[in-house]
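Order of writing sets the chain letters: A, B, C, D, E and F. Residues in each chain are counted from 1.
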Amino acid sequence: MTRMSEARVSRFPVPKLEEMPDDIRERIEAVQEKSGFIPNVFLVLAHRPDEFRAFFAYHDALMEKPGNLTKAEREMIVVATSARNECQYCVIAHGAILRIRAKNPLIADQVATNYRKADLTDRQKAMIDFAMKVSQNAQAVGDADFDVLKGHGFDEEDIWDIAGIAAFFGLSNRMANVTTMRPNDEFYAMGRG
Amino acid sequence: MTRMSEARVSRFPVPKLEEMPDDIRERIEAVQEKSGFIPNVFLVLAHRPDEFRAFFAYHDALMEKPGNLTKAEREMIVVATSARNECQYCVIAHGAILRIRAKNPLIADQVATNYRKADLTDRQKAMIDFAMKVSQNAQAVGDADFDVLKGHGFDEEDIWDIAGIAAFFGLSNRMANVTTMRPNDEFYAMGRG
Amino acid sequence: MTRMSEARVSRFPVPKLEEMPDDIRERIEAVQEKSGFIPNVFLVLAHRPDEFRAFFAYHDALMEKPGNLTKAEREMIVVATSARNECQYCVIAHGAILRIRAKNPLIADQVATNYRKADLTDRQKAMIDFAMKVSQNAQAVGDADFDVLKGHGFDEEDIWDIAGIAAFFGLSNRMANVTTMRPNDEFYAMGRG
Amino acid sequence: MTRMSEARVSRFPVPKLEEMPDDIRERIEAVQEKSGFIPNVFLVLAHRPDEFRAFFAYHDALMEKPGNLTKAEREMIVVATSARNECQYCVIAHGAILRIRAKNPLIADQVATNYRKADLTDRQKAMIDFAMKVSQNAQAVGDADFDVLKGHGFDEEDIWDIAGIAAFFGLSNRMANVTTMRPNDEFYAMGRG
Amino acid sequence: MTRMSEARVSRFPVPKLEEMPDDIRERIEAVQEKSGFIPNVFLVLAHRPDEFRAFFAYHDALMEKPGNLTKAEREMIVVATSARNECQYCVIAHGAILRIRAKNPLIADQVATNYRKADLTDRQKAMIDFAMKVSQNAQAVGDADFDVLKGHGFDEEDIWDIAGIAAFFGLSNRMANVTTMRPNDEFYAMGRG
Amino acid sequence: MTRMSEARVSRFPVPKLEEMPDDIRERIEAVQEKSGFIPNVFLVLAHRPDEFRAFFAYHDALMEKPGNLTKAEREMIVVATSARNECQYCVIAHGAILRIRAKNPLIADQVATNYRKADLTDRQKAMIDFAMKVSQNAQAVGDADFDVLKGHGFDEEDIWDIAGIAAFFGLSNRMANVTTMRPNDEFYAMGRG
């Protein structure tokens, strides 16, 4: 079996840091400084600088914005929908982030495997039910879905947030699967302690 | 039945032009000047300025970039995958653009209904086969899919482009379905000639 | 790309008018006189005269009979179920008829793409919900479905009509897909305004 | 549990023989004389005389016509596709006919449950593979399917026959499920001896 | 077509009675004495003695145990779920047992084809609804399913029994399909009289 | 969120060790001594002693038997098929065992999420492809599947083993989902170091 050191990060070319446009290199170096390593999604998408910029701008607009969803809840949406889309990178990388944000070493594996059986509140399960519908059957979303969420205390802006996260990571899942984006070894054990 | 004048463009609030940030209003005014009307996707997404900016940056990075796919071919991918995702806005708006780009008044309805029976080359059908797999079953994409496309003369960068368009419009389709984004009346007859 | 003049109407042999049995030729000439062209379904099925006669007798028994469903509503059922079955001929030809019957240039494209988001009454959406269940999952139809329709004012005979139309066009969709039945160019722009 | 004598034949009204139009009553009486009982499909559809006439004309055009498919093979198509559509009437009634036509008391139950494991020739399995594709996924039928069948000795007219039978019984399956058409008790044991 | 005498019972080797371990041979001889023939499942699984012993111990633990489900009801679960899994052996063999246990020559074919239309009580249909969910979508089973069953008078132990039978025969269906386990000719006509 | 100490192990009653039959209690105590804790599957199934005995006899017959599949490979089959069945207990408990058996801290999360992208040999991927087909679509298994596996060096007995493991854990997945069997906290971090 293969480990990171010898494994390919992407089936597409990955530029060297020094070849990247300044803004991209600087963003990556900032992440590296904070995390101690460069998450491979940055390297893989740097092959396409304009898409890189749009991707992370979209990511930040959904994941960093203020709102009623906690940061852990946003990661729950990512992990549950990415598991359904069988996206190795997103499940493993965002699983790590979820463990850290939720301060719960068990939650990511539970949500990835079957969120209905996870240690979640009913409100959180309703949130993921809706995210899964957006991810898998958005054409059938309608008033009844909004009513269920409002019954759990979500407002219209929260619902847009849930939908946006599910939709954006659907894009991310597809690009990760097509590029064979490899999760960094570091993610697997993060937040388990 | 309802017509545009009285119909809602989105189930979420739609800001007035004069309330929008300058860069967004200016982009919209430029589109309006060129098209003669404001496509509703601009109004619907303006509710979230940061997502608006990232969305159109991503759109342009894929749809306006140079490359081997013609502009008509990119629109074929949009129409076929959006039809499978039952996205009214994208099928009707991009169907219009496809008719214009391909200078063919029949092609959009053919591709939307069953691209396998459309007036396309074998190369174009292979392109859409792959786009549909990315859209519906990206987890199973692998070397064999790349080999088929290369057999039709696509290179690795073209394959990224196809995947990117299918993935990005998957996001767009989900947001359009959740917001009940309404296609402008103008699109239906455009390019029918 | 190919236009009608050079395109094949069917992958099976298509008889010449003068070779057809009298009753079939006369029916076709009557349609041609009324419409100004011969819809290809008549030519394609004329390859099998006995099936032709049964097909159009069945068609007329459902589409021309008196009843509570308007002619436009019957065409809505055809367009929605045929879109789900990806039948190019039926969506494009009956889309044209729907636009004319409903005197609405937008309705066919809306219903074909996602009838849940179309400019329809709740009663019409319930009608199509049921037609889609008959089309895709008739084995699970039961009392609860009948109750929903009765709650919208449909009676048992109307329900038979809805089911009959969905079932008959399921046959038509399959034959059109197997024969690669080509919609006439004339249908695409009919009734658009 | 209920037996025929007390069981309803249809959830819709069933006319008495003496109330039926002459041509329909005569056809039914002829069947009764030949079979010793009236198969319920005749009674159920007699509620709609025009549809009755078209239905049986279509049936006879496909099932009684000359051609390379044996009568037993046509019934195999009916049983396999009707089982997939979970149509009790068609599986049980045509299962009886298949046993008789094939002079094989085992074949109907085998084909209904899993035709891939039935006592069939490879040619017959290819015939049913195609019939199942027409029944479940006709939109994807294309040249490659025709080539497989031709490799087993079927010609284009045979392929139309297979498709026609699968498509027609798809209609029949849906009407039987919506009407809750009950198979006659007599069918269950026929041809088992 | 092939009959039993010349047909293979399994695609794997089938041991002779005299080669089998004593306990297995004795169990088989006891069945043969009672039934008049050796059901093929015993011969096919005897290829793997340890799995044979565990399989029949599990079978007996579920099918012979006391409890509120009648023996006929347990067989209904087997037939309905095995039909959905397209398992020829289980549908045909347990169909025979169901006819005998229920003293009803019609019930097995009804349940195998579409249990929703079978001569069953509402309680029995609810039982099979749940068994089908366990068989096809167990990951979504939750409190609401338990509540429905309790509303029909089932207790928690009955629910375990239903789930256990559906789950165990899911195993059996898969092994029968992989081994091409052939139902004995004797089963087809049993209990029809 | 809930942790083990306060969380229920099963929605069904769980007997105390001292209430269990001797053979079951002894097996559990032996596991506890070896592992340092009692895996919950033992406690949950002890509610039904006869099923417990059959379950573990079957488990051992497949997982402990000699054969060409390594112990790690058997666990790969368990993890991949259980992930598809969304079985939290099996993915998390057998994921731990897989990490230990394969001496690879990354492999379980990779296989659970998308085995096609995992650090596996082509032979192992073919093994899991087949296991997934047995798990999800066993009715379509046929000679072509056997040929693919033989091309990778598997023999008929290996194929039975793969099928048996996929089929047995399909049973296990269903019972775990119905009982809401909770994975022990200990499993999550095992073998990650």
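Just so we're on the same page, a residue touches a chain if its C-beta (ideal position, glycine included) is under 8 Å from a C-beta of that chain, and two chains touch if they have at least 3 such contacts.
Bear in mind that the values here come from a model prediction, so they are computed numbers and not experimental data.
Where touching is counted per the definition, the chains common to subunit A and subunit D are B, C, E, F. Contact with both subunit B and subunit F is made by A, D.
Shared residue numbers account for over half of those found at the interface formed by subunit C and subunit D, and the copies are therefore classed as meeting with the same residues. A rotation of 180 degrees, rounded to the nearest 5, superposes the Cα atoms of subunit A on subunit B. One simple way to say how far apart two chains are is to compare their mean CA positions; for subunit D and subunit E this gives 28 Å. Separation between the centroids of subunit C and subunit F, computed from CA atoms only, is 51 Å.
Rounded to whole angstrom, the centroid-to-centroid distance between subunit C and subunit E, based on C-alpha atoms, equals 44 Å. Among the residues of subunit B, those touching two or more other chains are numbered 86-87, 114, 139, 177. The touch graph of the protein chains shown belongs to none of the named shapes.
This structure has the following touching chain pairs: A-B, A-C, A-E, A-F, B-C, B-D, B-F, C-D, C-E, D-E, D-F, E-F.
Those residues of subunit C that touch subunit B in the complex are listed here as 1-3, 7, 83, 86-88, 91-92, 95, 102, 104-107, 109-110, 112-114, 117-120, 177, 180, 182, 185, 188-189, 192-193. Contact residues of subunit F toward subunit E in the complex are 12, 47-48, 50-51, 53-55, 57-58, 60-62, 65, 85-87, 134-135, 138-139, 141, 156, 159-160, 163-164, 166-168, 170-171, 173-175, 177-179. On the subunit B side of its complex with subunit D, the touching residues are 114, 116. Residues of subunit B that touch subunit F in their complex: 139-140, 142.
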